[in-house]
Amino acid sequence: MKKLNIGLIGYGFMGRAHSNAYLSVGRFFDLKYQPVLKAVAARNPEKIKQFADKWEFQSYHDDWRQLVNDAEIDVVDIASPNDTHAEIAIAAAQAGKMILCEKPLARNLQEAQRMVDAAQKAGVRTMVWYNYRRIPAVAFARQLIASGKLGRIFHYRAKFLQDWTMSPDLPQGGAALWRLDADVAGSGVTGDLLAHCIDTAIWLNGEMDSVSAMTEIFIKERKHNLTGKTEKIGIEDASAFLARFKNGSLATFEATRFARGHKALYTLEVNGQNGSLAWDLHDLHRLQWFDHRDEGVLRGWRSVHVTDGDHPYMANWWVPGLAIGYEHSFIHQVADFVNSIDEKAPAEPTFESAMQTEKVVHAVLESAQSGKWEKAS
Amino acid sequence: MKKLNIGLIGYGFMGRAHSNAYLSVGRFFDLKYQPVLKAVAARNPEKIKQFADKWEFQSYHDDWRQLVNDAEIDVVDIASPNDTHAEIAIAAAQAGKMILCEKPLARNLQEAQRMVDAAQKAGVRTMVWYNYRRIPAVAFARQLIASGKLGRIFHYRAKFLQDWTMSPDLPQGGAALWRLDADVAGSGVTGDLLAHCIDTAIWLNGEMDSVSAMTEIFIKERKHNLTGKTEKIGIEDASAFLARFKNGSLATFEATRFARGHKALYTLEVNGQNGSLAWDLHDLHRLQWFDHRDEGVLRGWRSVHVTDGDHPYMANWWVPGLAIGYEHSFIHQVADFVNSIDEKAPAEPTFESAMQTEKVVHAVLESAQSGKWEKAS
Amino acid sequence: MKKLNIGLIGYGFMGRAHSNAYLSVGRFFDLKYQPVLKAVAARNPEKIKQFADKWEFQSYHDDWRQLVNDAEIDVVDIASPNDTHAEIAIAAAQAGKMILCEKPLARNLQEAQRMVDAAQKAGVRTMVWYNYRRIPAVAFARQLIASGKLGRIFHYRAKFLQDWTMSPDLPQGGAALWRLDADVAGSGVTGDLLAHCIDTAIWLNGEMDSVSAMTEIFIKERKHNLTGKTEKIGIEDASAFLARFKNGSLATFEATRFARGHKALYTLEVNGQNGSLAWDLHDLHRLQWFDHRDEGVLRGWRSVHVTDGDHPYMANWWVPGLAIGYEHSFIHQVADFVNSIDEKAPAEPTFESAMQTEKVVHAVLESAQSGKWEKAS
Amino acid sequence: MKKLNIGLIGYGFMGRAHSNAYLSVGRFFDLKYQPVLKAVAARNPEKIKQFADKWEFQSYHDDWRQLVNDAEIDVVDIASPNDTHAEIAIAAAQAGKMILCEKPLARNLQEAQRMVDAAQKAGVRTMVWYNYRRIPAVAFARQLIASGKLGRIFHYRAKFLQDWTMSPDLPQGGAALWRLDADVAGSGVTGDLLAHCIDTAIWLNGEMDSVSAMTEIFIKERKHNLTGKTEKIGIEDASAFLARFKNGSLATFEATRFARGHKALYTLEVNGQNGSLAWDLHDLHRLQWFDHRDEGVLRGWRSVHVTDGDHPYMANWWVPGLAIGYEHSFIHQVADFVNSIDEKAPAEPTFESAMQTEKVVHAVLESAQSGKWEKAS
């Protein structure tokens, strides 16, 4: 089988998830290219060596430029903090590499646009790691909607609720907590969590027309890990918005890190003329389904255990009733990417299509400032 | 409308539930007879007066014989402890009254048989308060099974789990705790809780052939409220049995008062060739339904909110989505009884049909002693 | 016991719920006044006679003025459509009656204010039937929040989802469908459903500062039952809004009659510093509770079956584990009202306090027009 | 790091699960030995080559004896059908290999005893793949019970419900369906499914004293894939039993392949004096927990999402809220085995401790024949 040489940048949570996906995918999926862990790069020389050893990368670098400029690398995979995405992606495009990039695409719309432009100019394949599209239950939801089973869509709702930053003693910044540092992250829950909700929503329900949003910083100052001083917090703890989709449906979206009792509760629900569906990340192997065409007295929400062989991706795993987990969404995304390389249609979302999500994120942050409805596409 | 004069014996938990049913039923159901709270009887003169006042009974007695012999009484309703059922029922039969009796029919099979004989000899209408048959979701389960939707039945399971007697400091006996006094109750959880499970099971799945059982008394002695002394406990805290139904299906049954965390968790599940259903008393307004004929990828347990107008009994209540509660099962039973009086087919279960449950209860207690399978019908 | 003579106006869904409450309350609660079904009034002479017979009202009228001017009536209970509230309430106030009124208080803020003014001028007791406050689980939620167990509140969310008007063939107007007729109802789901959510929210979390809303009419025209012609629909099918509470918490609210699969799914969730709670009307006997002070590894959402004797109102009902239903919220409200009559503090919400909800409803409808944030108090 | 050379026999469902575990474990766990996929063996030369390629085994054999006698192999892992376990295990013991064996240990008690004897004689390390012990929620249940949090145990219940053999058209025998062939499997659901339930039960609640069981074959004949003829079915479709544990608690167990609507629903519940817990395989990342020491009004079953860093095994995976799946239980078991090699205490269950489960399986099958209670240890 042909090899696909991966160059990974970043060794954090996402670095592990991607590495695991590259290593596992070939055992469970028929691939046209076998990913190879060719090189990994990050700033901390000691940590990157440890990581490379653990995951058996063939080489490692403390400067991502070395990796990007390595002629043997086919794919540059950007799993480093948001403030590095644009620079790396543009360099990778210029080097003619395929580019995989963690979400959100960038810290803001301008950066993201530059990335898209560079990739288009270079004519390279791109993909953004909106991994939740590849949870089997979510992919199945997409199939149901695309098949017309729900009919006209009236409502969409999504939330992403966490509670991990509620302590005022939690500092900001540095390797572990860059998500709380506005300079690095760009935005708070809007780019981090809502971006996932928005990506899925657009995939399932089409583009949004306009939004009205509010954001809030509940804890205004935190110690900064890099400066050691208490500094103002620049990223929002909570973000919620109303939306009108172009198909005429209404939506509510919300993300927060201040919802006590929820760890990573990404939920979505879609209500259509003939049926409705709902899903949540805490029980990611289930899809809730309501079919109005069921016999009247027997109508009810069905809890579908999305583990059968005819559910998306599941024929590649175990037997009905046995669940897979979070990490498998990355494996599926690698499988789809690898097998799309020689196809005309790219694996989605590309940088270009991810711009739709970036535009909504931008509109949400704008609306929270302006107090007005803002165009979202 | 014609009146139906009720004479109630007992003013406890069941006395209240029955009285409420008689008073409410006419507001919500079209009746052929309007129940009238004619008289109530119990031993404690002060308490029975209070109760009669509260519920506006027209008269009260401290001797049930006065009530049974009152010519104006049409129906004698026995809601007093188990040790009184046989004597009152036989007297009521001899007085030519219709008889409603709380479950279990009696303390043991012999007493129950005498009650059946007396009622048959007198030719009077009878009914036993196995009220759970009239929970809409349970009545709906019966409709589904009777319609053949499940096909051949393979499995039946039922449990009734409580935890209210777990403290060793809880005494036995007296007005409040007669259920722990073997002389009064006859048996423990077998007659009190399993009897409900068995009645529903026979109604849904037909007669049982044989059972293998075990029982246990976890706390062997408790203070007796009547003697003031610590006395041996004669009733079982827990009872479980395997059963084979005559239709070839297998079953497990269990009841206990030592299942920490469960208040009154009566659950049942039926697995058939084409479908399965499940129900529990803690969420009594829902029926879980699985239909194998659903499209493969969309199969899942449906949570049916049994509150629509075309669900059993529900057209008489509110609007879809709005739940009724426990007490309504008694109202439904009164409605069914009252409207059956002039019909050939009696409202079920009559004393005679309740004997099937008594026989299983008897076989369970026998098997727990013998260590063998015992015939159950 | 002293009597309290009730004069009810309206015999629909709410007329039944109120009548049942008056009749039942005295059996289960200790009352200072016993409600008496003195008179009932409505326009249709035949139907009101039937209703009066069924519920044993002592008299009936086809003109509500007769009832309001009857010297024997103590309480005028308005359960007729929204367009009648103001006129009746003002007349009742002028006649010196206590007034109970169905929600929403009126069709719009102006009417509502006139009702408040009239009641204040007359110095009469008032109460609005926001019955969901008296669901035991909701009343318990209030106790928990008031006790400080949740700490500072960060988020509130509520939804009221239905699907009963989704068919374009459903007409508007007339006795059964006045809720779809703008002239009668005033607004659509905002006044009908969101008003409930708003009332509970203010009760649990205090006043709102401002809102940003959107509304939609999915089906623009329906046949009108009174004219027989297809006419424009004036009431909104869906309504959603963002809110900021005065305590600094953020909220999302949504109501719709186009959420396929939901009958009357009123849900609420509150996230605080130390704990969170959630409730829904489809399983109204449960409160979901998360306590951050639980031991770390054992933290989880608790499903509390709100049926114990020490839960609000439940000592008056059955035994732990046995659920009550929707109708009981009205019984509780009557109990609270009746026992407040001789107290300084009125049973809530009075007309005056219900104005807070009216103001939010008004602001929501305004914001949906203006596209801006509007002040809500 | 030291290497541990694995020789795997079998390439089916379990062969994949084990291979994946060996490959993944070192990325997520700190190991004392790194497993190496040295060799794999199975009868079908073509398939075993394909499998070896896919999983990158260093060599493959079509005769397991070659593998067992390969001096470089440290561990023989038996993932082939039940009828091969004894012969292979005994040969592996004689060759001085560590032995890992799929469950059930053997087709019957006699075979199992010979395996234990051989391993003891050879003094080799052994382990049986009762993988469900290593689901984090189940391991956590064990910690809770061991810590005394539940207090005295009164009840244990377990079920394993499937529906995959309900069609009479499903044949028996051959590579895919050996579980329906009595000669190969030994028993039906008792050895296949109940064995899992029994293993966990003994681990959590200690040994059983005695059992009373029933079994049933619902479909008596099926076409045999090897002979092409319709042949009698020798394995039971359903098996249920009552049990008394040595600690005085009572239990019910049931397994079936005829429970329509359940794919692999292994459930367990334990009721103790102070608390109860429940778990099911369909939502394997959750543990239900009830604590009687919670404040009275706030008692409820907690749904614990067992994904926090301080839950068993979870610090090695992702972040709180993100679930792992079925396959991870095998990874955990490999980690435990590998890290126990140099320790005195072996990773459980060894062949010897798995004999407790074999004895219960034996007693269940005996009791189903005898109709009597049988000793289970």
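The chains carry the letters A, B, C and D, assigned in the order they are written, with residues numbered from 1 in each.
Please note the rule applied: a residue touches a chain if its C-beta (ideal position, glycine included) is under 8 Å from a C-beta of that chain, and two chains touch if they have at least 3 such contacts.
Keep in mind that this is a model prediction, so the values were computed, not measured.
Colleague: Would you kindly say which chain has the C-alpha centre located farthest from the C-alpha centre of chain A?
Modeller: Result for max centroid distance from chain A is chain B.
Colleague: Between A-B and B-D, which chain pair is linked by more C-beta pairs in contact?
Modeller: By number of C-beta pairs in contact, B-D is the larger.
Colleague: What is the distance, in whole Å, between the centres of chain A and chain B, each centre taken as the mean of its C-alpha atoms?
Modeller: Distance between chain centres: 55 Å.
Colleague: Roughly how far is chain B from chain C, centre to centre by C-alpha average, rounded to an integer in Å?
Modeller: Distance between chain centres, rounded to whole Å: 36 Å.
Colleague: Please report how many Å separate the Cα centroid of chain B from that of chain D, as a whole number.
Modeller: Roughly 41 Å, centre to centre.
Colleague: Of all the residues in chain A, which ones touch at least 2 other chains?
Modeller: 262, 299, 301, 305, 308
Colleague: Chain B touches which residues of chain D in the complex?
Modeller: Checking each residue of chain D against chain B gives 150, 154-155, 157, 161, 163, 166, 212-214, 216, 218, 238, 240-242, 244, 248, 250, 252, 254, 256, 258-262, 271-276, 290, 292, 299, 301, 371-373.
Colleague: For the complex, give me every residue of chain B touching chain A.
Modeller: Result: residues 140, 287, 289, 291, 294, 296-305, 308, 310-311 of chain B touch chain A.
Colleague: What residues of chain C sit close enough to touch chain B in their complex?
Modeller: Residue list for chain C touching chain B: 13, 16-17, 19-20, 23-24, 26-27, 54-55, 162, 164, 262-265, 281-286, 305, 307-308, 317-328.
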